[in-house]
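Encoded as structure tokens, here's the structure I'll be asking about.
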Amino acid sequence: MPNITVEIFEGRTLDQRRQFVEGITEAAVKAFGIDPEGVRITFFEIGRQDLARGGRLFSDKAAPASTGEKP
Amino acid sequence: MPNITVEIFEGRTLDQRRQFVEGITEAAVKAFGIDPEGVRITFFEIGRQDLARGGRLFSDKAAPASTGEKP
Amino acid sequence: MPNITVEIFEGRTLDQRRQFVEGITEAAVKAFGIDPEGVRITFFEIGRQDLARGGRLFSDKAAPASTGEKP
Amino acid sequence: MPNITVEIFEGRTLDQRRQFVEGITEAAVKAFGIDPEGVRITFFEIGRQDLARGGRLFSDKAAPASTGEKP
Amino acid sequence: MPNITVEIFEGRTLDQRRQFVEGITEAAVKAFGIDPEGVRITFFEIGRQDLARGGRLFSDKAAPASTGEKP
Amino acid sequence: MPNITVEIFEGRTLDQRRQFVEGITEAAVKAFGIDPEGVRITFFEIGRQDLARGGRLFSDKAAPASTGEKP
């Protein structure tokens, strides 16, 4: 533990994943004082047609500014 | 996005959660270049009788060293 | 199918659940033309200390206006 | 909130999703009196070889009548 | 792997869990030829008011015969 | 019930799934005394680039011995 599931939009690179996984693991070790090997992370890729908010699919919304995604 | 689900053992303090949430959000902003408000995290507390590995419930195993949990 | 999981904040009443379950089931029957018995819904209650956005737990944020929750 | 996950069989059209997303969001607004923007929905597509009931994969069962799916 | 999540109705005993965990782990070892320590299982308890099918909460349905639950 | 989600590595055969589904269902019937039709299982395939432990993606780790996977 912790067991962490991460839903991210399709299109992120492997290097972004690597950087994020290192950051999460470090944060878990600092916060819970546990062995990094205890931190388990699973990614699920989500397409914009798979996510909706306010009754509309994200694929039907104008593309948000790259740093402004708040889905 | 990302939408993150964190399963943690019962007994972690609110401050540990606060520290972990800050760390994950920072890691996501660095890795994906997104707005912190886009980072959504949900905690689910898990009891030792709720988790099993190797055919045995963790509540039936000797308590692991606090930093040695690799469930 | 569909199999639907609903995370809702603690404190909703059984009647609110009943109304929501009827609404979702009706929406599924209309959209997919399936038997209502095929629509399966599971609720998970989430406390404000279990959810975070923008690096902060919702329990540490001022209570949003009842109709303004966008976590 | 609510945060809703919908597992549906592969093959549904985008229009069916759009109709279902509108219906769920409307049902949530009516039942919980919340802002439609607070209703978050994520779809996961499931193949018939991914689902089993009664010890058998759905891909190994005769195709159910289109309106009779109760998996 | 595999990582297995089991949603069960409230009220099952620890011994039933132990028996089920042993059975799942054995089944995984036989089917995938893996180390039992690789089989990870997490239980989530579900109340009858948390589950719905056919537009009705299970808590509002007559209690099914103990061996006839097909929720 | 039970409703079971199984995350497995990509590459398992349909026959392995069939054998595992039979084994899980049998284990549930024995442990909980329920109707096999009440046992619902959903598979999610996970790639080695989707899973991480100890701060590293499994796709970046040497391939574990086929029977030694403990992710």
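By letter and in written order, the chains are A, B, C, D, E and F; residue numbering begins at 1 in each of them.
The rule we apply is simple: contacts are C-beta pairs under 8 Å (C-beta built on N, C-alpha and C of every residue); 3 or more make two chains touch, one makes a residue touch a chain.
Chains and their UniProt names: A, B, C, D, E, F = Tautomerase family protein.
Since this is a predicted model, take the numbers as computed values, not measurements.
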Same-residue or different-residue interface between subunit D and subunit F, half as cut-off: different
Magnitude of the superposing rotation for subunit C and subunit E (Cα, nearest 5°): 120
Chain whose mean Cα position lies farthest from subunit E: A
CA centroid of subunit D to CA centroid of subunit E, Å: 21
Interchain centroid distance [CA atoms averaged], subunit A/subunit E, Å: 28
Distance from the mean Cα position of subunit F to that of subunit E, given in whole angstrom: 14
Where subunit B and subunit C are represented by their mean Cα positions, the distance between them in whole Å: 22
Where subunit D touches two or more other chains, by residue: 3, 7, 17, 22, 26, 37, 42, 44, 46, 51, 71
Touch list for subunit E against partner subunit F, complex: 1-9, 12, 16-17, 19-20, 22-24, 26-28, 30-35, 37-38, 46, 51, 66-71
List of subunit F residues in touch with subunit A within their complex: 7, 44, 46, 49-57, 59-60, 71
Residue ranges of subunit F in contact with subunit D within the complex: 14, 17-18, 21-22, 25-26, 36-37, 39-45
